[in-house]
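Given below, in the form of structure tokens, are the structures.
The following pair of complexes shares a single chain, subunit A, combined with subunit B in the former and subunit C in the latter.
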Partner chain A sequence: MRRLPAGGDIDRSRPLRFRYDGRALTGFTGDTLASALLGAGVDVIGTSVSLGRPRGIISAGLEESSGFAQVARAGATEPLVRMSTLPLYAGLEAEGGSRIVKGYLRDGPDDGRFDKRFAHCDLLVVGAGPAGLAAALLASRAGARVMLVEADVVAGGALLRDADTVDGQPAAAWVSNASATLHNSGTLVLTSATAAVALDQNGMIVAQRIGANRAVSEAGGLPEQRLWHVRARAIILATGALERPIVFQDNDRPGIMLTGAARAYLRRFALAPDRGLVFTATDDGYRAALDWHAAGVVVPGIVDPRAASTGDLPARARAAGLRLFAESVVEGTSADGSGRLCTARVRGPRGVVEVECDVLAVSGGFEPTLGLHQQLRGATRYDARLGAAVPATPLPGQWIAGAANGCMTTRDALADGARAAREALRSCGIDVPGTACPTPESPALLEGAHEVIWRVVAPDGDESRSFVDLHRDTTVSGLVRAVGAGIGHIEHVKRYTLVGTGVEQGRSAKTNAGAITASLTGRPVADVGTSGSRPPTEPLTFRILSGRAQGPMYEPVRTTALHESHAALGAIFEPAAQWMRASRYPRAGETLRETVHRESLAVRGAVGIVDVSTLGKIDVRGPDATWFLDRLYANDVGRVAVGKARYSALCHLDGSLLDDGVVIRIAEQRYFVTTSTGHAATVVEWMEEWLQTEWPERRVWVTPVTERFSTIAIAGPTARALVARLAPAMEVGNAEFPFLAVRHGTVAGVEGAQVARVSFSGELAYEVSVPWALGPIIWRAALTQGEDLGVTPYGLDTLQALRIEKGYIIVGQDTEALSTPYDAGLGWMISAKKDFVGRRTLDRRASQRDGRQQLVGIAAADRETCLVEGCALVRAPGESPQSIEGHITSGCWSATLGRHVGLALVAGGRRRHGETLYATLGDSGAQVTVVDPVHYDAVGARRDG
Partner chain B sequence: MADGSPLAAHLGALISKASFDDARLTPGARVDLLSVRARRSAVQRVATALGQESLPPPNACRATILGDCFWLRPDEWLFATVPGGAEAAMKTVEPHLLDDGAVIDVSGSRIILELTGPRTRDVLSSCCPLDLDPSVFEPGRCAQSIIGKVSVLLHLVDATPRWHLFVPPSYVDYVVRWLADGIEGARAEQENALATTPHSSPVRMLP
Partner chain C sequence: MLLITCPWCGAREETEFRHGGEGVRVPPDGDDPGWTRLLYYRENPAGPYAERWVHVHGCRQWFHVVRDTTTHQILSTRRLDGQEGAA
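Coming up: the complex of A and B.
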């Protein structure tokens, strides 16, 4: 093709330099990459995916099956960008070559901005062709909130290539007026925006190219691409129709394109061939010949398989003196040395003629684009006149309009768009009288009868060069092989031949594939149908799906009020549930083990402080609170006195452990319940579920207060001395403030602090809870006032080591999904006097039988062996088959005991203390001894200091 | 948490860097918070005691003598009262609940972020799925929704628009990052004159 000296919607005063496959080329502002390449004389854009045949551009829009490029962006690369809808920008760098339909990704991060936008509207119109524009105009005039999305670079659709007039104006002028009217009325018009995924309840995912269609330097901080989540009260699918190619021998040569594309390149981009031949089965194809002729292009003829058509367009062609090859077909082509089309073989009633041409425009007719309708299983039926599927009935809340609805002329499409808008608005309660909003008009056109033609049988019988799907290099021979292998179902044909499996889902190949399969198997076309359309209609990159949810915006990271205090002490953090917790506070030069060693010995020998604000906290109150907690917790929490606490556990209905925690009775009808960090939300939901579904009449109110309080545990033999300094007015002696007692008072100047004598280390410990933001006051005061006592901040690693030494479990870590309180060594807490959730299952003998996986302690035989969580425990290392007795649930270096100890679940473990097992570590396994879970201070002497 | 701001220093820097005239994020006023739980029988007593005809209906906020009152769920309302006012407010409400409800001091369990400016709907629609169009979400409305993945209570204070987001303190870092990022995006859109939201025609041409 060559650029005409004038015309087109391009700005010749603003040339743009770009590179394609390393070649420096020039196009104009207003070009697409495809038109710029054609204008620069690049007809051969690359080679096909498996046969390596030269290929060119075949369309000017969404039908494209050949023209895909790899586009370089700052520090990244975008694969499989459709050339016909990529606006040219200064400095664009694209690759085609042999990779035109493959694409690749680069290692490393993509720093481009991709974001998301939620949008709501009364009416979403998909497609801004004649029907979509008519619908959107009417709806916005009626005052509705309207969104109009268009996949192409500009609105207008078929109006941009057709010479029709609308309301007496040239179509292109009408389109720009309509766009301006829409914009001014608040309608959001998105271009380069593909409705990719249709969701239930009128949801639509739309992928829009914004910065990606501009030079990086001109993107101005805009996102490369944006994913819209649209929710509309009504949707109009005005997705138009795609032109269908015709399959014949060597139909893939660069220079062969669709008639609509030929017209679009002429009208929008002033690109024309030297000699343009037309091969069409419908009147519409004549437009290409007429337009070329009017532009001074030599048109050697129009090949039409029909007998002379009676329509207006063929009549105009005859009047213009164009040569008509009636009852003729193109049966093959030949190419020059570079692969470009140079002649077409036309077979007619009087034999075969070779016709010289550099462009052959082909039209097998137009077929509705129904991908979005089909994604939601919308029904279609075969229309014999169009030779394609048309919508049977639209889905609830949706309307299909224009060419997508089978209205193929501009006049019909405009009217159908307005009709759909009226109906859609009525469903939203907006009535639009016909007089108030006239339907745009376009002159009527008389059409001749259609003839549906899919394939021209190759005269020499070789159909290995008759391409059905250019993207996948699927030929008629491939379909013949599939049918020969006994495959008949079109979905199976698709998988066997790969027809329609390309990035464009074989949009312009599927009807031909179905019809040719039908003729090969002797079945009606309607019975074979086409392969389905699945979401997304266009490939979406993972980048656009993830959007801004990257790094710190990916998963919420919760921090306690003490976070900065920990950081100031050089803490190393680790994630625990969504929380970021301090795992340890290493001193310069310390190894992990040395830090845990030092911190552990400080707690066992002096005093340590730890931030336990992440523990779940729940306020439970009301006249029935005692009854309620008694029903849920395994032990007699109802008998806890005011000012006292009790360690207890919750079971699922099946008797398995849900969580454990401390229940504190603050007042007669008021409790403060703690949960483990990871179960805070679960326990609240569990309580609400019972209250809302089973016991709604009970007067109990459950309120999560985790973030109301910061909690710091002060633990160790000198903890009492430190708490006495922090809370001088509080009686902290063992007699006045015994284990499991709770007091309220002033701590470090903070009034109303709650102090509870509970311990997760086995040491004398006080848990101090104060309002969330005041946590740092307590922390700082403890560090300052405890300096001479050797106060040491300790982290999660040491907290773990201390609780493992004491055999304190973490539900979910030291238990399995089916572990009962009996299995976890908590059988002592199960009340014999009352009923509670899970009790009936626990009372079954099976829940208490001997061989169950039971909690035990394990001790490594030597100082070196780390006990790794999750490691299997076997009877003998060499045994085959291995009999797995259990697994390690927790392991740590015990500074206090000078060796590695752990907890494990072992079959019948409670009766196996003293037995030797082997952890599957290393080649020979590591020897461990099964012991009591309580490794340290079995009598609990240290609890009271 | 320097200078009495409830935000960590790095977040303060983040939002002051991102904010511009048309979308500004700042820490909101400090408040004490009360959760009032009331069965049907107690709702009217509490409303009367506060000089109101009723407590706010679903997804609404009303000003009361105890400060703003937000509907949270069929039997729960949240009161945002002056700092240090929780105890007095509890004493006002508690006697009217009898055994049909409870009032719980939840001060500090959410902090307020304030987002103001004409571009804030764009900011919020980058991370919050609600329809915030003025025709649907008018001043005085509140709703519980998400910012990114985190639940927040969103309140439209006035038509500026001025929004208050009640965010659990542990999630503030995450929420502020999302909002600051949304503000950056909105600023780029403004600078590039990019249309972003569909809204109803300013002049309805039909009855």
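Coming up: the complex of A and C.
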């Protein structure tokens, strides 16, 4: 194509330099990348995916199946950007070649900013063509909150390429007036915005290109792209119609495009061929020839498979002296050395003629765009007149208008848009009487003047160059092979031939693929149908989906009040259920094992302190609090005295463990309950669920208080001495303050501190809870006043080692989804007297069966073997296949015992102590011995100091 | 993604809620096969389905929902006491 000296919506006074495949080129402000390339004489934009054939631009909009480019951005690269809707900007750098069908990603971060926004409106109109504009205008005049989204760079749709007038104004002028009216009335109009995903209840995900459509230097603070989450009371899908190509031999040559594209390039971008041939099965296709002719382009003819049409447009063509090839088809083409179209072979009733042309405009007719409707499984039916699917009934809350609804003329589309708006507004309680709508002046298109033609059979029978899907290089031969292999269902044909699997979901290939499959299998087209449309309608980049939720913004990070104190001690942190917890406090030159070794021995030999503020804490109170906790916890909460604590567990209705924790009775009907770190929210929800759904008459209040208290455990044989110093007024002797007792008093000057004799290490231990912000006071005081006692801060690694040595489980780690308290060795806590959630299932034989996966301890046979969590346990090493006896749930280096120990779930494990099993580690497996879960201090002598 | 009307707070995005499955009540007694059904069997109809949801990132209230499993239409939402929502 070449640029005409005048015309078009481009600004010739503002040329833009850009690069394509390394070539320096120039276009104009107002161009798209596609039009700029055509204007710069780049007809061959790249090569096809599997056959490597030269390809060119097919369309001027959303039908595009060939023109995609890899676009470089500052610090990033975007694959497969559609050239026909990418505005040209200064310095644009794009790669074509094989990149038109194969994009790539670059390693490293993408520095571009991507945003999300939420929007709510009465009416969302998708598509700003005649129907969408008519609908939005009517609705905004009626006072509704309207949002209009358009995938193309500008509003207008088909009006931009048609010579029609609307309300007495040229179509393009009417469009810009309508846009201004909408803007002034507060309607949100988004362009370059694709309605990508239709959600239930009238939700829509819209992906808008903003900065990405501008030079990086001109994007200012704008995000590259923005993802809109829209909720509307009503939605109008005015998504228009796409033009369908016709399949014939060598129909993929650069220079072959759709008739609508030929007109758009002429009218919007002042681009014209030297000799433009038209091959159309509809009257509408004649417009391209007439427009070209009016612009002074040589039109060697119009090829029409129908008998001479009597419509307005063919009459005008005849009057203009254009040559008509009636009852004729293009059956093949030839190309020059670079692959560009040279001639078309036209077969008619009087034989074949070779027609010279550099552009061949093709139209197989227009078909509704129904991807969004189909995403929510909206029904369609086959319309034989259009040779395409049309909507059967819209989904609730939605209306389909204009060409998407089968109204293919400007007049019908405008009227249908207004109709849809009236109906949609009525559903929102806004009544707009009357039937007024914008009135166009447009040529009459004859009803039934359309002959449906999908494919011209190749004269030599070779259809390996008759392309159905240009993006995927699917040919008629491919469909023949699929059908020959016995494949008939269109979804199977799609997967066998890859037709319609490109980034554009084969939008302009689908109907042809279905229809040709139908003809190959001798079935009606309506029965074969087309492959479905799936979300998103356009490919979305991962970056627009992630938005700002990456790096530190990916997830909130929770830190305890002691975080700075840990950091000051050189702590290494690890994430635990959104919390950052101190793993260990290494000294200079220490290895991981040396640190854990030192910290462990300090707790077992002297005293250690650990931050356990992340444990979930729940305040449960109310007249029925005791009754309520008795119904949820496995042991007799009601028998816990005030000022005492009890270790207990929660079960699901099926008897499986939900969580364990300590229940502290603060007062007669007031409890302080702890949960595991990872289950804090779950347990609160669990309590609320039972209170609300089963026992609404019970008066209990459940309050999560995890972040109200900092909790520090002081553990070790000299813990008592340290607590005595910290809380001089508190009786801390074993008789006055026994195991599982809870006291309140002043600790390190903090009044009202709660001190509980509970232990997760097996050592004498006191858990001190104080108001969250005061945690550091206790921590610092313990470090200072315990210095001569050898007080050692310890982290999660040591905490794990100590609890594994003692066989203390973590629910969810040392249990499976089906593990019961019996399986976990907690059968002792189950009350014999009362009912609780899970009890009924636990009483069944199946819950206590011998062969269940039961908690055991395991000890490695040698000093070198780490017991890795999740590792399978088998009877013999190296044999396969064999049954898996169980798996390791926790493992650690035990400084106290001088070897690796762990916990495991093993089938019937409780009866298998002493047995040798093999962990599937290394080539030969590692020998382990099944032992009691309590590796250390089996009689529990150490907890009282 | 659904838009669910919490009877207490009004229409909110699905991400604010947690699905609680079929709305079953725990019987005080009943035979063993009945208990098995309660634990492990759900109706899973194609069509209207009585479920419970909780507005977990909102008011934390449980409520009844009737949802059409074939169209994802929310046919009704009600408070647990059977009252229509005020929202």
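Methods note: the second predicted complex is superposed on the first by the 853 of 945 C-alpha atoms of A that agree within 3 Å, B and C clash if a C-alpha of one lies under 4 Å from a C-alpha of the other, contacts with A are read in each partner's own complex, and residues count from 1 in each chain.
Here is the rule we go by: contacts are C-beta pairs under 8 Å (C-beta built on N, C-alpha and C of every residue); 3 or more make two chains touch, one makes a residue touch a chain.
If you're wondering where the values come from, they're calculated on a predicted model, not measured in any experiment.
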Query raised in the report: Of the partners subunit B and subunit C, which touch A:Gln70 in the superposed model: first, second, both, neither?
Result: neither
Query raised in the report: Who does A:Asp619 touch here: subunit B (first), subunit C (second), both, or neither?
Result: first
Report summary line: Of subunit B and subunit C, the partner touching more residues of subunit A is B
**Report entry** Contacts of A:Arg231 with subunit B and subunit C, given as first, second, both or neither
**Finding:** both
Query raised in the report: Thinking of the overlay built on chain A, is A:Ala549 touched by subunit B (first), by subunit C (second), by both, or by neither?
Result: first
Requested in this report: Tell me which partner A:Asp654 touches in the superposition: subunit B (first), subunit C (second), both or neither.
Outcome: second
Query raised in the report: Between subunit B (first) and subunit C (second), which, if any, makes contact with A:Gln375: first, second, both or neither?
Result: neither
Query raised in the report: If you stack the two complexes on chain A, which partner ends up touching A:Val557: first (subunit B), second (subunit C), both, or neither?
Result: first
Query - Partner chain(s) touched by A:Arg840 [first = subunit B, second = subunit C, both, neither] - result: second
Query raised in the report: Regarding the shared-chain residue A:Ser565, is it in contact with subunit B (first), subunit C (second), both, or neither?
Result: neither
Report summary line: In subunit A, both subunit B and subunit C touch residues 229, 231
Query raised in the report: Can you list the residues on subunit B that touch subunit A in the complex?
Result: 1, 6, 8, 35, 37, 39, 99-102, 104-110, 122, 125-131, 133, 135-136, 148-150, 168-171, 173-174, 177-178, 181, 184-185, 187-189, 191-192, 194-202, 204-206
Report summary line: Listed in rising order, the residues of subunit A that touch subunit B in the complex are 113, 115-122, 140-147, 183, 185-189, 210, 220-223, 229, 231, 430, 432-433, 436-437, 548-549, 552-553, 555-561, 563-564, 579, 619, 621-623, 699, 701, 703, 705-708, 771-773, 776
Query raised in the report: For subunit A, which residues count as touching subunit C in their complex?
Result: 199-203, 229, 231, 396, 653-654, 685, 688-689, 692-694, 696, 840-841, 844
Report task. Would you mind writing out the residues of subunit C in touch with subunit A in their complex? Result -> 1-3, 13, 18, 20, 25-26, 32, 35, 38-40, 52, 54, 56, 60-62, 71-74, 80-81
